[in-house]
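Each of the next two complexes has subunit A plus one more chain, namely subunit B in the first and subunit C in the second.
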Partner chain A sequence: MKRVLIVCGTGVATSTVVADKVRKHLAAVGIEAKIEQTKVTELHRGAKGYDLVVATTQVPASVDAPVVKGLSFLTGMGVEETLAEIEQKLSD
Partner chain B sequence: MESITSYITDLGAAVALPFIIFVFALVLRQGAGDSLRAALKVGIGFIGINLVIGLLANVVGPAARAMAENFGIELTVLDVGWPASAAIAFGTQVGALAIPVGLVVNVVMLGIGLTRTLDIDLWNYWHIAFSGALVAVATGSTIAGVAAAAVHMVIILALADWSQPLIEDYYGFDNVSLPHGTSVAYAVFAIPMNALFERIPGLRDWRADPESIQQRFGVLGESTVLGAVLGLIIGILGYGFDDPRADSIAILALAINLAAAMYLLPKMVAVLMEALIPISEGAQSLVRKRFPGRTVYIGLDSAIAIGAPAVIAVSLLLVPITLLLAVVLPGNRVLPLVDLATIPFIVCIMVPIFKGNLIRSLIGGTVAMAATLYISTGLAAMVTETSASVGFDSGEGATEISSLVDGGNPLSGLIVLAGRMGWAGLAILAVLGVAFAYLIKSMVSRRAEVEEEPAL
Partner chain C sequence: MTELKDLVAEDAILLDIEASDDRSLIAVMADALVGAGVVGTGYGKRCIDREGTDPTGLETIGGNIAIPHAEPDEGDTPAIAIARLAAPVSFGAMAEPGETVDAAIVFMLALPGGEAHLDALGRVVELAQDPVRMSTIMEARDPAGVRAALSEEAT
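Here is the complex of A and B:
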């Protein structure tokens, strides 16, 4: 079971959109993952215990998990590439 | 007719809104089953928000009133924050119309070339719904409210176009603009202030490091810890310690309850948002089809800009400053609570205008927060009335509520002011709004021409 953290400015707005898409995609390709959301100001002590962070905004340097930029989910451009990147980073 | 309206009002938004969402979802071809689930979730989100507002009012309200009696700190209007404000806005009749009306305004403005932004962040249409709903309450006319919301949309799109290059340079988002009702409104403060700062020699070169501030004050960005600490402070000031047993219980309970409210309110909104995703996407693809391949800025939520270290650093420092302002500013009655966590949205377009300079942003932010507190105090009675009209329970003792976002937003304030003058006020504002959009449009076209000239 992988743990994925979705990060945005509120932990509610854009991250809900991203979480929905990541959840559906991972289920479709058969990767078991627990998906959580948070807001970026909660991350000042890093993101311990997560295998991957998907963020629509800049995360602090204290985050040492691999980070994927999730802006494409909002603009609708480059979604496939981002999903592939998420899949690949979770399979490593 | 009147009996129908009163029936819908008595149903309350938590029941009426699911019906509207169900129809929207069906129209956007989401299928009956999914539409029903989305509709129910919207209702559930509403019930959840109502529960947490009740908790906030019943637990913090009496403590705030006690604090007023003990120390003369008259902060009896509770800041219920953006999650509740958005729900109140979407729960009104104007709110139900805000998304279609906002989209039509956007599409028409794109069509006649008055904006370059296609605002696909439908959730944040709640900002225009909010000002519109307040105008509807002030005037007693839903149509006036809808008109106010439309004017608000025009101004937001113009400000988004104007600030787009700043956003692109500072945050590095290509062809993305941020037509976010809260963030763009404060550009109006930042522009003249930055011009002023440029003339003050000491201020021009004074710098501070955002990373170290983020590390040192990071805990102020955690809603749970902030809520608990605020609860302790308000509790001690409100209840004192003359009866150690009873008072310590009351103070500790307040700390946990306030932490719970600040943590839970956004979670309840997430339930609402999850339900709105399919609808928002359906509407998005509908609009996108009409503008294939045209150079437009894609309008997104400014949540994407919040992570920049300078934005976080300024916001963290503004938390204690805002609390201090609330206490010392004569005439302010708002007790800042939930929206202490929303300050990043207030400063995230100001910071690029101040070129990321922390000291300038902090001074600018302080002035903006002072204005926000006054506007929020001024709109409190109307926000409370609007909130009651959608069936939110603000607790025993008729606690007054408001919010910093958008109850203290300068644009909401301006629009409500115009709305109070009736149709004449709204007409003047509409003319000014369109003129403003036209001015920005000419500026943006000139900017584009300069960019397209070949480099020598």
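Here is the complex of A and C:
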């Protein structure tokens, strides 16, 4: 079981929009994953224990998990590439 | 499920407005929401502050947009204001420090937490990724025309 953390800025929870898309895609390709969400302000402790971080905001350099930009889920541009990157990073 | 069009009052749909920058546009849009009686007077200031630290410009399939927002006060009514600009206004790009997006349509989101709010955000994102409905907004002659584009059935 992989652990994925979806991170957004403060305010409107863009992470929920992203989490929804990531969850559906991983289920479709048969990758078992637990998906959690947080705000970037909660990330000061790093992302210990997570296999991947997907973010719609800048994440601090202290985050010690692979990070994928999730902005494409909001813009609609480059979604396939982002999903491929997520799959690839989760199978490393 | 709350429909997007039910969150957008017609007097919070601003067509072909002119603004010199993102801050003045946000102030004008917040005033429209204050005028509609859905948020308190501090809302615009909070949106401007937040835009400064965490900008919201997005280059989407349907066009360049921005989604300025802040946490509403308790007692505020969930609402969305829409501005179509006479000339694009430059916003900082979300998650891309130093980059900007020249936004043509701006959605100001005054949405408290909870399911309805997340649902509405998802719907704004879907709308922005729909070139057909976005062009309906660009070409609408009046606020009612914009509201028509907000219903999913419009496509």
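As a working rule, the second predicted complex is superposed on the first by the 89 of 92 C-alpha atoms of A that agree within 3 Å, B and C clash if a C-alpha of one lies under 4 Å from a C-alpha of the other, contacts with A are read in each partner's own complex, and residues count from 1 in each chain.
Simple rule for what comes next: a contact is a pair of C-beta atoms (placed from the backbone, for glycine too) under 8 Å apart; a residue touches a chain by one contact, two chains touch by 3 or more.
These figures come from a predicted structure and were not determined experimentally.
After overlaying the two complexes on the shared chain, residue contacts for A:V67 are found with neither subunit B nor subunit C.
In the superposed model, A:Q37 lies in contact with subunit B only, and not with subunit C. For subunit A, the partner with contacts to more residues, out of subunit B and subunit C, is B. In the superposition on chain A, contact of A:R45 is made with subunit B only, not with subunit C. Note: residues 9-14, 16-17, 20, 55-58, 71, 74-76 of subunit A belong to the subunit B contact set and to the subunit C contact set alike, using the contact criterion stated above.
Only residues 7-17, 20, 37, 39-42, 44-45, 55-62, 71, 74-76 of subunit A touch subunit B when the two sit together in their complex. Within the complex formed with subunit A, the subunit C residues making contact are 50, 54, 58-62, 67, 69-71, 94-97, 109, 111, 113, 117-118, 121-122, 125, 128-129.
Listed in rising order, the residues of subunit A touching subunit C in the complex are 9-14, 16-17, 20, 55-58, 69, 71, 73-77. Looking at the complex, you find that subunit B touches subunit A at residues 83, 120-121, 123-124, 171, 173, 176, 211, 214-215, 218-219, 221-223, 266-267, 269-270, 273-274, 277, 280, 284, 288, 298, 300-309, 312, 315-316, 341-342, 344-345, 348.
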